[in-house]
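In what comes next, chain A is part of two complexes: it sits with chain B in the first one and with chain C in the second one.
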Partner chain A sequence: MAAAASSSDWPGRYHHIDQILDKPGPRTDPGFLAGDGVKDFLRGQAKILVIGAGGLGCEILANLALTGFKDIHVIDMDTIDISNLNRQFLFRQKDVGKPKATVAAEFIMKRVPGVTVTPYFGKIQDKDEEYYMQFNLVICGLDSVEARRWINATLVNMVDPEVPESLKPLIDGGTEGFKGQARVILPGITSCYECSLDMLNKQTQFPICTIANTPRLPEHCIEWASVLEWPRVFADKKLDNDDPDDIDWLYKTALNRAREFKIEGVTWSLTQGVVKNIIPAIASTNAIIAAACCNEAFKIATSSAAFLNNYFMLIGTDGVYSYTFEHEKRQECPVCGGEALDLAISPELTLEQLIETLTERQDIQIKKPSLSTPTKQLYLQAPPQLEQATRPNLEKKVSELVPPSGEVTVTASTLPFSLSLRIAYTS
Partner chain B sequence: MSAGTESQSLESATTSIESQPDQKTRRYDRQLRLWAKSGQAALESAHLLVLSSSSTSTSILKNLVLPGVGQFTLLDRTITSPSDAGNNFFLEGLDSVGKPRAEEAVRLLLELNDGVKGHSIVEKDIQQVLSSEGESGVEWVKGFSLIIAHNLEKNALDQLSDLLWADFKSPPLVIIRSAGFLAEVFIQFHEHAIIDSHIDSTPSLRIDKPFPALLERSLAIDFENLDVTDHGHVPYVFILVRVLEEWKKSHDGNPPSTAAEKKEFKSLILNMRKKSDEENFEEAESQAYKCWTSTVVPSDIKSLFASSASSSNTPPHTKPFHILVKALEVYTSTVPPNTLPLSSTLPDMKASTKEYVEIQRLYKDRSVEEKNTFKGILANVIKEQGEDPNLIDDETIDSFVKNSHVLRLLSGKKWGWVDEDKAALTERAQTSSKQLGIHLALSALSSLHAKHAQAQATKQSQEGQNADFTPSLEELTAEAKAILPDGVELPEEDFDNAIGEAARSPTADLPNTAALLGGVVAQEVIKMITKQYVPIDGYCTIDLVETWTGVL
Partner chain C sequence: MKKNEDAAAKKKPKTSAAQIRVQKDLTELDLPATMKTNFPDPADLLNFTLTITPDEGMYKGGAFTFSFAINTNYPHDPPKVKCTQTIYHPNVDLEGNVCLNILREDWKPVLNLNSVMVGLQYLFLEPNPDDPLNKEAALEMTKNRDQFLNNVKSTMRGGYFKSVQYDNVLAR
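So, the complex of A and B:
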């Protein structure tokens, strides 16, 4: 093995890939530098970042390594759980509890000689622009909308038109059951992640009054147990979704309520699914989407073929149905659009109602927004003193606080950008 | 532990709702939420035969070993080459070079899941099994649950597909061809029946044809005298049945039909409100179309009756399905109101707990009654056909009735059918020229490769065939055009794009293409084995330059 590692690129190693890199195809850009130039860049210079070492991440790392990327970095804040093992194929039973990034990196380096994978066990928010600037490409295999919005906004902010290298192509994948999507984002040039927020499925939210008074579905009983009963019974203990004993308590509590109301269908599995918002996940769908992402990374890094413009979605439930299209940039996108979002509201609307409207909008998706105008703070979620000081505004009408066509800046601690609203009043 | 006992333990784990799930249920949790314990049990009793240990083949297997397929056998005499070691994740670099590729792959694949058994056969290939071993070789192949063939040499593939097609009891054959950025997938099977298709479609609530208990309950509501809270909690189904019944009395028994009538009907509903924010009446208004959408047997199911009746040579595994379909046809034509049996699943609706539980109970009771009627008819059909009365278990009947609005029966075609069907080629050249371009390019590659291999064999030099196979653009063009009937041409660009890409990378099993095929094919295999979800019907072609898939 030692001999292999020192001369890792054995003759014939890249026989398959070199068929692509040694000559152009009919649809290859004339700028493609076939032969040693492109191989040297791919195998000697390209530096790529993988965000997420889970279902997609494991696949992405293996594909990149086999394709010839030699300098790969990976970030993941999670540790390995037993329910990962049906698809996250770099992990074994003995790895349960260990950091995903570290175990994945070690496995790839052991299996694919000559590849360096540098793991970081932590959050993407721990890293600054200087860190992200070192990469040629970023691939995301995340299950969190918030993390995607963060990295998307960070990469868009980094773009300096004077410095071409500051533009880092972002390739993003996601899956759910037999469905998935892969997309290429050129920050500032193509539509960005934030531009397409309204394409996300709206999460089902049950009205509190239904949960409290008129439960009909097993889910209503489970929500009652987790949202209302848990805090009442365990005032000082936070619910731990990953602790089977906590789920067990919720299950039994929900089951009792269901029996009381003669509602059928509360099971352990459903309880866990509702509380953790579990999305079904299988190896095959992750393989499809990760491969699509890595194929785009390969084409972008080598120019050996045109890359995806810019969105690919696949549904495998009824045959194999896929749709490739160009998702359009949104002019009023708070991250890459530059234009304020026009919002027409009733002059009677209170600030509190405005905040509620914002949290419900699918194209904004902001949880705890703070609002201000160029001249004053309307409502701030934190720190506590300012929250208290601005709280009285909540009951006031927006029309008393903001002049017609006035701008309101909306921020949230979870998002690295602000949203500009231009308020108009309906007469 | 055998696959059988494991699937039992899984069953007991998911049905004993009082306890936390066991180790195995936790491992498979994210997939059990898709295909449930029935799908998992089917997967665990499957044994797959895989006819190569290429990067694409091991990628497919990886995605089947992880979810827990029962067993697989890799039949491949290839010795690992340096290029294999470079593009296959289930080989260990130079350490694997010189060793039998299938053995190395099986060893590394099995690391993924203790519950799976894997075997390698490295002293012969499929052609030897079929040619030298005669009938016993053919029977051995047919004994598998499903066969997967990636870039199998043309003559062997044609022989295999002929043999399997000749017997309607044969297992499905999944054929994958790929080169560089291009690929196609085809499943050869005789018949595939799906009860639990997971097709997104809601069964009828039968508001237009209410069963007696539903009608009676709806007519008994004293809207006038209900207090405001109860009034706002009457389920919309009751409201619609009631309003429709009253409407019909004054309209010769007919539901609203003109736009004006429908509008009037909706305003009748809204006028019943005691308060402007009664959500149950808003729901009723938005669902009012159900009153004039007649509940009939869906057209898909009607055509299923016809195709099931005309099916000959029914393989044993679809026989119960055909009997169930026959019983359903008798049911819908003899039992009023000539609809599918009522579904017991009710959507959520604005209602008090008491009202909702009550309406749920009404539907459930009625659906049990109708299911029992269906079971009586089914027993008759089984008797008439002289079949075993225990042929179909209760669980299957329950699932069949529950899914009777989304049943599917696929009639497969033989591998290569499109190349021999002039009308189809002519039509596809117009409607799916890009897809056909890929199919032709891969067909041309495969037949030229067969000729090349033959030439090599006569030269007695079997080593390094693949590396030497570099067909020219002209050869490929001629070969591909020969498949098309006279006078049929593809748009030049589509043809050139596919042929050009094939000429560029005639033998490239690219890691990303392999991984993508690994996912697509594993999804299809899972669908075939579990008989859940709907597999591809036709040639699924894939272009990873423009990143699309399309069925030819």
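So, the complex of A and C:
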């Protein structure tokens, strides 16, 4: 592998990086293998996944390739829009309309010899755990909370305490205008993305009554058109943010509204910006955050220095301010908090008996538990209608309801959040 | 054998954070007798209705139904709530949109379905003409309270009022 990796290397190619990798420093991990060992790993074995090939993703891909990662995979579900070209520097005018992942991969491979970038044009949800298991590291440059929550939960669920390789460090970068953050998540060990969900800045939302009655801003008029008028006029048609005709309708409707209230400033691009919640992306913020993420990826992959613990934030709105702190794990986090319990039961045990077993266990102290599997409710204590609908399950055998090694989620007011059971059947 | 079972477990869908949160919210609802949930499909916890039958205030005697739609990004996103009937209320428009701060600008993931439901009931006990969604109703409420009360009573029986057809919402 080492030979293959070095075939495309020329003397001095990694001169600067080798300064770090050839000898230990005061901050290096005791496990650091200075010299060829670590270089082989970085350049010949490490496999890294980049999620998102947009503003952050382009920077991340370039940084990783130039740092010496040679086996890079990239996922993105988007195609290139002309408005991306000012900062997503792996794309050119001729690429507009093509998948970001594919074009970015080709560009990097052409520009940085010896690097393989494997693109996937699609959603992260298309891939299963087996796919994510092949990587050593995952870096995210995403703009969606939903996608981050998904990948975070997937990586946390993948951790098997008995298999160290099942723990995939997740490096998450994010930017919003002049602000940004980079964080390192060691699934199950450090606080996860879900732990910090309530820290998120919400997008600015205007009270619906202001929109309806006392608009003062062009944004109020646009929200009026999209939140109130669209559903009234097109009762059964869902607004498609990506359809220029839909945006056009909103723009015209908002413009009329603005005229009526003598408000100026409704434009087509503001309309699009408001409904798609577009925050102006700043190339330099992306560059800083991507650099921070890739720096962490390099340190984790090589153990050449202590890595970020665990949250770095950047505020560039007034001067340049940054702060690093340890975000703490939340006990009641629905993804990484709560307890998991392996439970071996007889295939003859009924659901009611299982619930009794749970309530009798001293170690979990549970009262009135509600149980479900990922696909159905087994037994819910309330509301009355759902209790009634699930009551017939109580008499059934658990083995009829839950497949072997199936997951059962238990919630109860006495639990901080939830308890996850993995059911095995004794034969 | 264990390995195979493990592999099988990995393939299976996991319960999402949103699902767990909704299960927790619903099974721990603490509702007064004036509020009742209804699940058209008991297997679908993400779509249901809530009926409020106020036992005091000017909307006493009515049964008001709201639809709840929860998406997979809950509790980051608030539930989408609409009144399914055409009613005469300062904070509910004729399309069923509801003006309740915690459904929109003041939503936080630490809030839950119980807080939303209690908030909705409060709108019937204390309609708020200062944040109107139905401007005419709000104006009437501030200017001529007796007339407003009359309008509430008559529209709750259904039928036309000022060329709008209201639904009969009298509790049966």
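Everything below uses one rule, namely that the second predicted complex is superposed on the first by the 309 of 427 C-alpha atoms of A that agree within 3 Å, B and C clash if a C-alpha of one lies under 4 Å from a C-alpha of the other, contacts with A are read in each partner's own complex, and residues count from 1 in each chain.
We adopt the following convention: contacts are C-beta pairs under 8 Å (C-beta built on N, C-alpha and C of every residue); 3 or more make two chains touch, one makes a residue touch a chain.
Keep in mind that this is a model prediction, so the values were computed, not measured.
Chemist: Of chain B and chain C, which one contacts the greater number of residues in chain A?
Modeler: Larger number of chain A residues touched: B.
Chemist: Name the contact category of A:Pro334: first (chain B only), second (chain C only), both, or neither.
Modeler: Once the two structures are laid over each other on A, A:Pro334 reaches chain C alone.
Chemist: If we overlay the two complexes on their shared chain A, which of chain B and chain C does A:Ser269 touch? Say first, second, both or neither.
Modeler: Once the two structures are laid over each other on A, A:Ser269 reaches chain B alone.
Chemist: Quick check on the superposed pair: does A:Gln362 touch chain B, chain C, both, or neither? Answer first, second, both or neither.
Modeler: Neither partner.
Chemist: Thinking of the overlay built on chain A, is A:Glu194 touched by chain B (first), by chain C (second), by both, or by neither?
Modeler: Once the two structures are laid over each other on A, A:Glu194 reaches chain C alone.
Chemist: Please indicate which partner A:Ser405 is in contact with in the superposed arrangement: first for chain B, second for chain C, both, or neither.
Modeler: A:Ser405 sits against chain C, while chain B stays out of touch.
Chemist: So which bits of chain A does chain B touch that chain C touches too?
Modeler: Chain A residues touching both partners: none found.
Chemist: Which chain B residues qualify as touching chain A in the complex?
Modeler: Residue list for chain B touching chain A: 14, 17, 19-21, 23, 25-34, 55, 59, 62-63, 66-68, 81-83, 85-89, 92-95, 111-114, 180-181, 185, 197-200, 233, 348-349, 351-353, 356-357, 467, 496-497, 500-501, 504-516, 518-520, 522-524, 526-527, 533-537, 540, 544-551.
Chemist: Can you list the residues on chain A that touch chain C in the complex?
Modeler: Its residues touching chain C are 128-130, 145-146, 149, 153-154, 157-158, 160, 194, 197-198, 200, 202, 205-209, 212-213, 227-228, 231-232, 334-335, 370, 372-377, 380-383, 385-386, 389-390, 403-407, 409, 411-413, 417-418, 420, 422, 424.
Chemist: Enumerate the contact residues on chain A facing chain B in the complex.
Modeler: Residues in contact with chain B: 1, 3-4, 8, 10-17, 19-20, 23-27, 59, 62-63, 66-67, 82-83, 85-87, 89, 92-93, 111-113, 177-178, 182, 214-217, 244, 247-248, 255, 261-263, 267-269, 272-273, 278-292, 294-296, 298-299, 305-306, 308, 312, 314, 316-320, 322, 324.
Chemist: State the interface residues of chain C toward chain A in the complex, per the touch definition above.
Modeler: Counting only chain C, the residues touching chain A are 5-6, 8-17, 19-21, 23-24, 26-29, 31, 36-39, 42-43, 45, 72-73, 75-76, 91, 93, 95, 97-99, 101, 103-105, 107-110, 131-133, 135.
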